């Protein structure tokens, strides 16, 4: 029997001003990270509704990472501070429900931190891959 | 670079934890070294020669036993290269070879005097003997 | 205030006075130094090679013992201090090394938890030089004292974190606290060449000469050090002014020197 | 149902090298709503844009997806293309298959697979896009320049000359900045004061320019075209409008021993002072830390001697609120502290100085009236050692100094060395260098003259230690080319200290929501194409706050920033970002959560009358977003439990469609 | 046994109606069974005299009803509020959900409400009548009679009552109580201490019982949205019934998240759940985390207070650090 190599599916929400630009910089500098990471651009990390994260899991994502400007550097002054609260509470709740902690992450990546972006994605992808498929939160109905 | 040289280079980098590629060739280590005049190869040359793989001359050199381990080069290097650690790694590579101990127990009595603190002997053994 | 105390082998032998005065002064200043039991030599010099593990284990034992007793660790000898502190730092920062060390050790894991004070730091940061000053009974009366740091106390600063490695003041402040005049001279943080004393005595002589000449040119009457190897090396190289330990000077100022001598 | 066109760009081999563009356009053809799909070598080229325009017309496209480089690069380009073909520009979505795909993945199958998925996500989003029309907001036709050095001065003059009002906020009592402290300037050796002070006078006399000296920006609100700024005018205890700058008070003040910061503490001034003769505004300032009257209520000499009655010991800090359309940051630089480099004995000997101190020592208005004398004993130094790269080019793990090259040191050191040899041919001058970096017009020629004509000893190597021995400084250094360790007996050592952004920049960046790099230099919107704009609309960068710069570069950037400001202020209205929040009044609860998190105060509430199905009316509290004020962060959308608040262009539905497309 | 007698409340309600101080009264009405008490609007004094109930089964929290009722009311509404109801009352005021001027609130003390399920465990099914005196007397159709001590069958939320103090009222009847030290987070802590597998199993078991009847949402005083996201086709999460256990989870996580920082921990969700899912444990988890991460906060304690999720400090804990010091 042939075992297909398991590739995790990772959704990365990146704020337009810092992290998305950081991801672009990683590209400019040709810093590799797994293609399993797919980026969705949002204006600010505070645009990310917990519903989006749950939706991604429901549709089969194995990990969701949210990247924004460093605290204090938000393009919109304070958006990432709200993000920080929301995600701390959401992640704590997911843990409470028995979902693996390593499947969710918040990371602050500035527009100048292309290397950090790539390193973060490599590390996150590695941790998520080690967990294997997201059985606990996925919606079988939607998974082909 | 031959594979022997390459292996030796990698070994030294691994033992010392020093990345010689960080060196920007400013020479501050050699500007600062208190044993400079006694050395055939100077701290910046240790870094450069390990980087280029030209290590044999270093292994043979008396300079290995002139370093005072005073860490002045480590302290002042603007690039965080830590040349003293590389000197130490080369010295270890030299004395770890069979029969290459610099100092033997037989040498000691002649060197002793009654005021000499124990640490002088212990540390000399640490530095020059495996 | 209770501390674990590591004297080291030289202090049990050739440098007994450094140890005896250190204990006596600590007692007067209200710090209890409890000697680590069954300690071994620190190794005399820290080997920077990452693959040298066995040679660093004796230092780890000292650190572990202090942790077990839930006390901070105090050292006096500059060389011991440097070796123990560098070992601790290696454990804190190099996970691979820490792993190897812990595999050698039978008991609980050690991850660099112990806080280490050099005796000088104990005086400055715990007791306070003000307090020291209050306890002075025999002031040095303006004696011109040159502090000799050498290399081990201050470097590498990323590990030692005792003082400004290029322009230190901890010993000078102590000298002033006990009534001396601190002589600041350029070679005070230069190496005496102690570690090459056996291998290249000429080089050691040259370096030591540089140090005490610099101190004497600046008008020093006495050189003070915390390192038995420095003291020996300066004396052996023909230093014309006395070289004394910091604790000796301190014991004298605190008026406990004679008590200690009796011991 | 949308009619979507997909355009896959090869970007030469940048994309096509790792992504099978043909396969991508084929795969996306099968996506719902897609009626046309193609690929082309350079979509951003004129020919590429024409393909898009033609396809929009020919296939009656209602939305397009461009699979290309980052939207940060060409989103605007393709929106314009769409608009030119009659399509609403907000019906364009970009799939970033270059920076976030072809450039970070090496294997073709992987790159292609990912590009297809990113394309599908973009198609899914466009399917839910709606045409958006940006709102308009008025422009306040006045600019604020923060910092009154040469950068701020030049920017302010250029803007004012174009006919717009400009305010300069300078935290020191006078404008002029670092350039006012310099003696000569490289490579032409003009006297700094001779070329700067006329500009300072121009600023003072310009009817369109106001100077807030001894002031700082304390709060910034609003957005491009409509900034509300609070300026804190520190109490200088002298009425600016009455003070004539006669200087009598500065001569009579009995507090003589105050360190003179203009001369970097190398001499003293009085507690009431005018920093230098050509200060603008030429108004005295009382230093409250040293004034006996302010500290103890005793003295009052300055008030007695002032015939203009300008002294006011009761003066308080004053807060002024102003409106601006654009803000220029020109906060400049400072040399770093030498505390962590005491192997050079800066804190141990008065005769070890920084290059900026050397400027003052050689300046006719400096502490030695321009004579090169040692600070310790006033003797003429016979041997001078210059040390380059002190604190520049340091590795981060060395725990001290800066990682970057400070750029200006090689040239000013050549200048110092040359001028010293010129004026005092009897001196021996050594320059220790790692590299000599002289990329600039007439720069290398200048450095060569220092060596060849003036006989400056350039030694490749670094100084390890400086030891003060007697009245000499023993400089121990390596001469790498001679393979020697040198010991030079010097009389004066000059350190080329690294430069860093002014400390005030960090808090200012936070106020402006402008981003900074890890060194606290302001980040430009694009390092090559938008070098004088910050990523925050309406905030521009001038001078060394953006990175180390010499005077010619600073002045050109200052002019460039001014041109950008003029371009902005010349508009009567600004077209806003249509991707703003919008509340669905039928679903809004009026709970105020959105208002509480809005950083711009863009949300207000009104009581709205609703006709109910039973023909009664109901008045409910509902949120209303001011689209001109909203910046589109979307924070409000997440705190809205009913989902009444949504963000145009990044709607809940759209983002979830992207999630679904990626996770399919 | 409630300390305040029904008669006092009835008398008060009737007199206020008669004087025209209020136009209607929000109170408890007897339902099909004695234990099945429903909220009701009374406008007639005889109706009050006959059907108004006040006993150990009056758990319903009226605050939420004010949102709709005040919109239609011509005059003032009289509402009776137990201590825990007053927190919801304030929270709704903070969110501008009703007009305070249209309400006359009377605070009444509460000795805790009983859980009918706990009674049924003792009596079995077939309850024919219940009489709340010193003891709760239960008769069954099988002729059995039980005398039950109310303290033995208190509902979970009343065992862990957080406050006997009213934070809002126009008039107080009876004695004022105090904010209590409760052990309401014990169960949350117990869950936290389980392994992730155990937690997952616990919640999968609980949440898979959900029939998506929406009772929890409909009763919740924090769920007063004009239109719920789960009913809105454009929200992306609309679904009327759960397809599988994840969707149930998603519904409950989102619901808990929407009320996080606003939930006063009144416990109505668990009270009304026909499947007896301990939904309050989700809300309490958020409350416990909020208290731990950002400092103690009680929703509804004060009108106008800033809920934790519409607030921040620059020093807040990072999401990456929330598990520090916690294993598994």
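To keep things simple, chains are lettered A, B, C, D and E as they appear, and every chain counts its residues starting from 1.
The criterion applied here is as follows: a contact is a pair of C-beta atoms (placed from the backbone, for glycine too) under 8 Å apart; a residue touches a chain by one contact, two chains touch by 3 or more.
Since we're looking at a predicted model, the values are computed, not measured.
The minimum number of touch steps separating subunit A from subunit E is 1.
Any chain that touches subunit A and also touches subunit D is listed here: E.
Of all chains in the assembly, those touching subunit B and also subunit E are D. Ranking all chains by how far their C-alpha centres lie from the centre of subunit D, first place goes to E. Look at the CA centroids: the one farthest from the centroid of subunit A belongs to C.
Among the pairs D-E and B-C, the greater number of C-beta contacts is found at B-C.
Here the CA centre of subunit B is 46 Å from the CA centre of subunit D. Chain centres here are Cα means. That of subunit C falls 68 Å from that of subunit E. The multi-chain contact residues of subunit B, meaning those touching 2 or more other chains, are 72, 75. Residues of subunit E in contact with two or more other chains: 229, 235-236, 309-311. Touching of two or more other chains is recorded for residues 343, 399, 597, 639, 652, 656 of subunit D. Working note: touching chain pairs come out as A-D, A-E, B-C, B-D, C-D, D-E.
Residue ranges on subunit B touching subunit D, taken from their complex, read 22, 24-33, 36-37, 42, 44, 72, 75-81.
The part of subunit D that touches subunit A in the complex is made up of residues 70-73, 96, 98-101, 103-106, 110-111, 113-114, 117-118, 121, 509-510, 513, 515-518, 523, 535-536, 579, 597, 599, 631-635, 637-639, 647, 650, 652, 655-656, 658-660, 662-664. The touching residues of subunit D, counted against subunit B in their complex, run 343, 389, 393-399, 401, 434, 460-465, 476-478, 480, 483, 485.
Every residue of subunit C that touches subunit B in the complex is listed here, in rising order: 8-10, 13-15, 41, 43-45, 47-52, 55, 77, 79-80, 94, 151, 154-157, 165-166, 190-191, 193-200, 203, 207, 210, 228-229, 232, 235-236.
Subunit E makes touch with subunit A in their complex at residues 188, 191-192, 196-204, 229, 235-237, 243-244, 246-247, 249-250, 253-254, 256-257, 260, 282, 285-286, 289-290, 293-294, 308-314, 316-320, 322-323.
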